[in-house]
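Letters A, B, C, D and E name the chains as they come in the text, with residue numbers starting at 1 for each one.
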Amino acid sequence: MKRWVWSLFILALLSALPLVVETQFYLHIFILTFLYASFANSWNLIGGYAGQLSLGHAAFFGIGAYACAIGSVKFGISPFIGLAIGVIIAVLVSAAIGYPCFRLRGPFYTLSTIAFAEVVRLLTLYWRDLTEGAVGILIPFKPGVANLIFSGKVPYYYIGLAMMALSTFLCYHVERSRFGYYLVAVREDEDAAEACGIRSARYKLYAAMISAAIAAVCGVFYVQYMLFIDPEGVFNLNVSIQAALMTIIGGAGTWLGPVVGAALLIPLGEFLRGWLGGAARGLHMAFYGIVLIVVVMVIPQGIVVTVKNLLKTKATRKVEEERR
Amino acid sequence: MRRNVLEVKDLTRRFGGLVAVDGVSFQIAEGELMGLIGPNGAGKTTIFNLISGHLLPTSGSIRFLDMDITHLKPPAARCLAGIGRTFQIVKPFGGLTVWDNVTIGALARHPDMGEARERARQMLEFVGLWGYKEVAARSLTLPGRKRLEMARAMATEPKLLLLDEVMAGLTPTEISEVLPMIRRFAEEFNVAIIVVEHVMAAVMRLCEWIVVIHHGKKISEGTPKEVTKDPKVIEAYLGEEAFIA
Amino acid sequence: MISYTFIQVLISGVLLGGIYALISIGLTLIFGVIKVINFAHGEFLMLAMYFAYWMWHYWGVDPYASVIVLAALLFLIGAATQRGIIQPLLRSPASMQIFATVGLSVTLQNVALFLWKADYRTIQTAYQASKITIGELAIGYPRLVAFVGATAMTIIIFWFLKNTFTGRAIRAIAQDRMAAMLVGVNQKRMYMLAFGLGSACVGVAGGLLMPIYYVFPTVGTYFSLTAFVVVVLGGMGDIRGAWIGGIIIGLVEAISGFYVPALKEAVYFAIFILILLFRPSGILGLGRGFEEVAQE
Amino acid sequence: MISVKELDAGYGDIQVLRGVSLEINEGEIVSLVGANAAGKSTMVKALSGIIKPWRGQVLFDGVRVDTLEPHEIAELGIVQVPEGRRLFPQMSVLENLLLGAYTPRARRDYEKTLRDIFEMFPILKERQNQLAGSLSGGEQQMCAIGRGLMAKPKLLMLDEPSLGLAPILVAQVLNMVKAIREQGVTVLLVEQNVRQSLALADRGYVLENGRIVMEGPSAALLADDRLRQAYLGM
Amino acid sequence: MRIRLMSCLAICAMVVSLGFVGADSLAEAAETVKIGAIYPLSGNLARLGEESYRGAELARIERNAQGGVWGKQVEYVVADAPDTNAARSEAERLITRSNMKLLLGTYSSSLAYVATEVAERNRVPFFEFGAISDPITERGFKYTFRTCAPASGFGTIAVRVIAELAAPKMGMTPKDIKLAIVYEDSLYGTTCAKYAKAEAERVGMPVVANEPYSAKTNDLSPVILKLKAANPDAVIHTAYIADAILFSRQAKELDFDVKAYVGQGGGHSMLDWAKAIGDVSGFLNVDFPQFKINKAYTPGLDEFIKLYEDTYKEPPHSGHSLVNYFGAKVMFDAMEKAGSLDADKIREAAISLDVPEGQTCTGWGVKFDPKTGQNVRALPYGLMWTKDQEQVTIYPPEAAVAEIIVPMPTWRERGQ
């Protein structure tokens, strides 16, 4: 129960923050952190729990964002309906792509996801009439709840916070549910999972669909916040890499991992860009790369699990030592 | 009369030109313990894979509890039908705790998390791993992992349990601990158990009935006594009388 | 109807294919032996091209003359990557190897961006605009050199793998690691050699490409995705497959570029996905060691 | 020539060998027999350096070799013909044989060795350009043995050479083992086919569950009923 | 227990990082006027971003030497924005944390979209000096002002150069000239090409080919072969540097010749392009003012070049520095007139500026459209490359220093 108390406490703390913090820039960083944490949560479902290493997740993010932007700018549809459409398209596409691609293993699955995201990017460039191609879509700044556009940061802050809290809660719940157990079982050993009565293909597909849905929601939030979207910005390989990066650094397959990863990397990245300015401009991405290599080689399980292990009660450690 | 659980008829499986399993038939009843033995590469594990659905047969049929499961896919469906198995090379879900491992098995019958965990607890107590419930499966010792696999398979509440070399690599003391446990599976849960095993002494002590496979064919079957006396079996294991010397 | 234009398109496609083959050979070699996909392969190409550029810029070395040095440099980089990053991760899950090389790729790209800025650097040589004309058809000299270079490299590497003790040892370790160790092959050294050799190929490619293209920090991404496509098409680990795959993708790109220019990349990525799904062993079906990794 | 002292070995944390000691003298054929999974192959792998012993020593001509890498052991002349042959299936017979002579010591006069081997196995000469994967089982075994001999072994370890062969071929292969010994190569023969291999060997060791349970001259072992028990459990 | 620790860790990490970011907020110094400057100074856009920034910086140095604005020294708080996400963050940071009341930038259109949007929401005036995409000033923003020519101007001038200068020399009317438009398919190329097409249609010039391609391509021969098949008299090409080089090299290989070839800034403005191709005499280009221009039309240009060379010890890389220099000067004038950094006063002052063409260092006049904030007296120039790899101004006639050469030499005539 303590866990709940603490979660609520932190949530309350974060909720109270905008009352104290007046600098919009800080709120902006929090909003970005919430967004990326949610996006990383989405990646975590398929990449962390189900162990399917996708580097094409930007496609779903982009599909959500574009569906909403096209809907509101071209057809005057409310962004709420755009959101629904984006989620539905993302889910359908993820099912259509996931089903055949799950047969591929290791690097081949990863390659196929990269190729898939590229195809989506190229199609976006190609369907100019709908997407404005490389020009991108500008959303007119018309504040209002109906348009899901706000003039201040605070509404975005709370929506972002809710998005992160919900997706994290979802991951938390998944981790403790039959569904989550099944995903992890499939990741750890597919044959053994089947022998335990788990239809591995089906559960991977479910995970891909839920994950795509969350990614699409993140995309919608992104576009409503940025009010501008272009293929370079959302379908970039770096977008997919970042989602994976944060999850892996935080701890793939743990509900807290993506949040920790995002909370570390986003502010750090903003800080590095501001501070490294001048002499070391642009080095923050190189820094990300090095961190990734180091994490993979030194603490492949990520920060959360490593810290957890350090904190393990003596009793558990004793048992483990006895075992060895 | 005990009810027949599994009936295998003329089971055949080819890999390219190689006939790994060649027209094998046998059957097993509730609560029965059967040994499936044979020299290296005889095709025992292939037979297990055919029964558990990890492979599909080229010809022949498999009946399980009055149901034709010859082509039932995927393997998960067979588990849900009531066939549990372990793997020759143990496949625990390494990153998960012991309790979680068995819980995953139990979830097959108890969708409710609480029930599944309770069920898993019972199985862990049964195999004597309850004390290690929070330990990561991969840090268990080999005998521990073998027990874990059995507990996980039993947690799916099978009517038929396939044990693939659960005693290989264990010391005689460890084996003598495992034997009664397997016997209790059969007795207390009324499950039919087929054992593939290389530790002959253990198989002979454990099983009521032995089927001997050689080069994919069934060459003999009977009680342990009958089988060990069978010249065909001796030849399969020890080779023909020397004729070069 | 085969018009002159169409033939010219085909010629362009084959020449472009040569360039793709050039870059893909190293990738496929590394995969074939170590079963690791080097996601930083494109960045290695970028490094090679920068080296070629600096050598031309400071010492006036013709890029064609610098290929030997480039190959040696890249060999060292490749061997060091294998020793320092891949070897410690050999027993880790494939995902860890993927992320290590992805991390390397991100790092190299951004360090290059920092050190050398985003400027496009080109070199000027006397021959780079010259061409061979046959009737109305034109074949650019540098592209022809790249094509011939790719073909020669395919042949040389193929010969090396076939006819030398070391080459056979590399193939042996790719086919059966344990058996190769038993005949006395030093696994670690062969892995370093294979990674080095695969990277050396990209060094040669850098030298041969410099008269045609320009170098900038993200030039690798222009080629690496295509190289993945080529390698999968040709069959992972198959040197000849990489050559043929390169030519095919070159042709596909040229032809689709002529008819549906905006979608030409989409066309070959679609081919890529289809190949992965339906014929993962590649066109020649020689991509050994692939099925075990690729499919259930 | 080889002496193994109190060797423990296994995979991961699975212990297979428990305190095994054995001796092989120069020019002998020693047979290592035992039921499936008794630890025979593990023994051979430990000798080749494929797995590192946990405890104990392996001395080769008085020098410790258990700490060496597989390729260094191969260079010393301890050569294994692995279970299941493990040929390089995508390479020709000739390439497989040449790879046998990969170590510098063997490479020096590999052409002569190759001629000798072609003389010994004419069928390999005939098939030298065929892919090894396309050979029949018996031919593959000969190719594997040929590959082992190309390394100019001082000790040749044959792991289950008769596995999966028809009886007539088994006899042929085992006869070859005799011929190899006559060329001055010491042989460690690991076999399921107890009767035939013991008939061929000078001495034998019986492994059961990772321990040596019997040892002695072959004839004595063959006569002992405990041998059958070790295999069949009763 | 565990959860608590982890959560605390996460929160701490965030707060600590924020603290670091916070540390760089500069102490307010009363005697300086601070303006936020957003440019891409790292990443792929850095090259021209840096060049643009230099121009703005020179204007500041000059202004400070002359006594600054309202007698106070001007200081820039510079932010690096390599991509749109960063542009948004940096704009937020400058406005809400560093309390900037005025922003300038950005060189790149997508960065401008995002940065101006943030500024507008916060009622902070934004002076855009270099980004050309038209929609930047078509969103009805009250506080966004663009001093430079928009993309539509590029397309228009490109067609006018062909129609007004080239056509008479070729003995043709604009309606006879078969025009091909080819462009890289990102924001920049697409926009320029769109306006070129519109202008061609307006003057009745038939467009026989309209070919987009990806600037990331490795091979342009299919595009060139398609153009060749369409057999145009004139080509308008919008490209970045990489594809400009690739296109020209492959055009040379494939002997693709036209009578008039007009680039639209970007790659065709760069000396690197000329160097990579060799003989580029006769190639036309539309761009911001370059340095070979009728000096009578551009008073102050020489002083700018001198200032640049004195400050950076090298000649300007491109006209980007010049237009940013021009833009900053206009901005300072507006500030001076407004008397304070109050957004509405700045707006009022900017709109009231009125400078005719031919009296500034760029030759551009100053007159902001009150509806859009676009400087309506800024149009790009028609340029031509010479044998010495220099660009001379050929259009408009008042600014011209050379005559157009049509038809331009064929590749064969160029030799090599």
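Quick notes on this structure:
Simple rule for what comes next: contacts are C-beta pairs under 8 Å (C-beta built on N, C-alpha and C of every residue); 3 or more make two chains touch, one makes a residue touch a chain.
Computed from a predicted model, the values in this text were never measured in an experiment.
With steps allowed only between chains in touch, the distance from chain A over to chain E comes to 1. Looking at chain C and chain D, not one chain touches each of them. Using the average of C-alpha coordinates as each chain's centre, E ends up farthest from chain B.
Comparing the CA-atom centres of all chains against that of chain D, the greatest distance is found for E. The centroid of the Cα atoms in chain A and the matching centroid in chain C are 32 Å apart. Note on chain placement: the centre of chain C and the centre of chain E lie 37 Å apart, centres being C-alpha means. One finds 76 Å separating the Cα centroids of chain D and chain E. Among the residues of chain E, those in touch with two or more other chains are 42-43, 46, 185, 214. Looking at chain B, one finds that residues 141 touch two or more other chains. For chain A, residues touching at least two other chains, in rising order: 125, 281-282. Inter-chain contacts, as defined above, occur between A-B, A-C, A-E, B-D, C-D, C-E. Interface residues of chain B, counted against chain A in their complex, comprise 52-54, 74-77, 79-80, 84-85, 87, 91-96, 100, 103-105, 107-108, 111, 113, 116, 131-132, 134-136, 139-141, 144, 152-153, 156.
Every residue of chain D that touches chain B in the complex is listed here, in rising order: 10, 12-16, 18, 35-38, 160, 162-164, 167, 170-171, 174-175, 178, 191-200, 209, 227-228, 231-234.
Residues of chain C touching chain D in their complex: 165, 168-169, 171-172, 175-176, 178-187, 288.
The part of chain B that touches chain D in the complex is made up of residues 39-41, 141-142, 165, 168-169, 171-172, 198-205, 224-225, 228, 233-234, 237-245. Residues 2-3, 6-7, 10, 13, 23-26, 28-30, 32-33, 125, 128, 133-136, 138, 140-141, 151, 226-228, 230, 232-233, 256, 259-260, 263-264, 267-268, 270-271, 273-275, 277, 281-282, 304, 307-308, 311 of chain A are the ones that touch chain E when the two sit in their complex.
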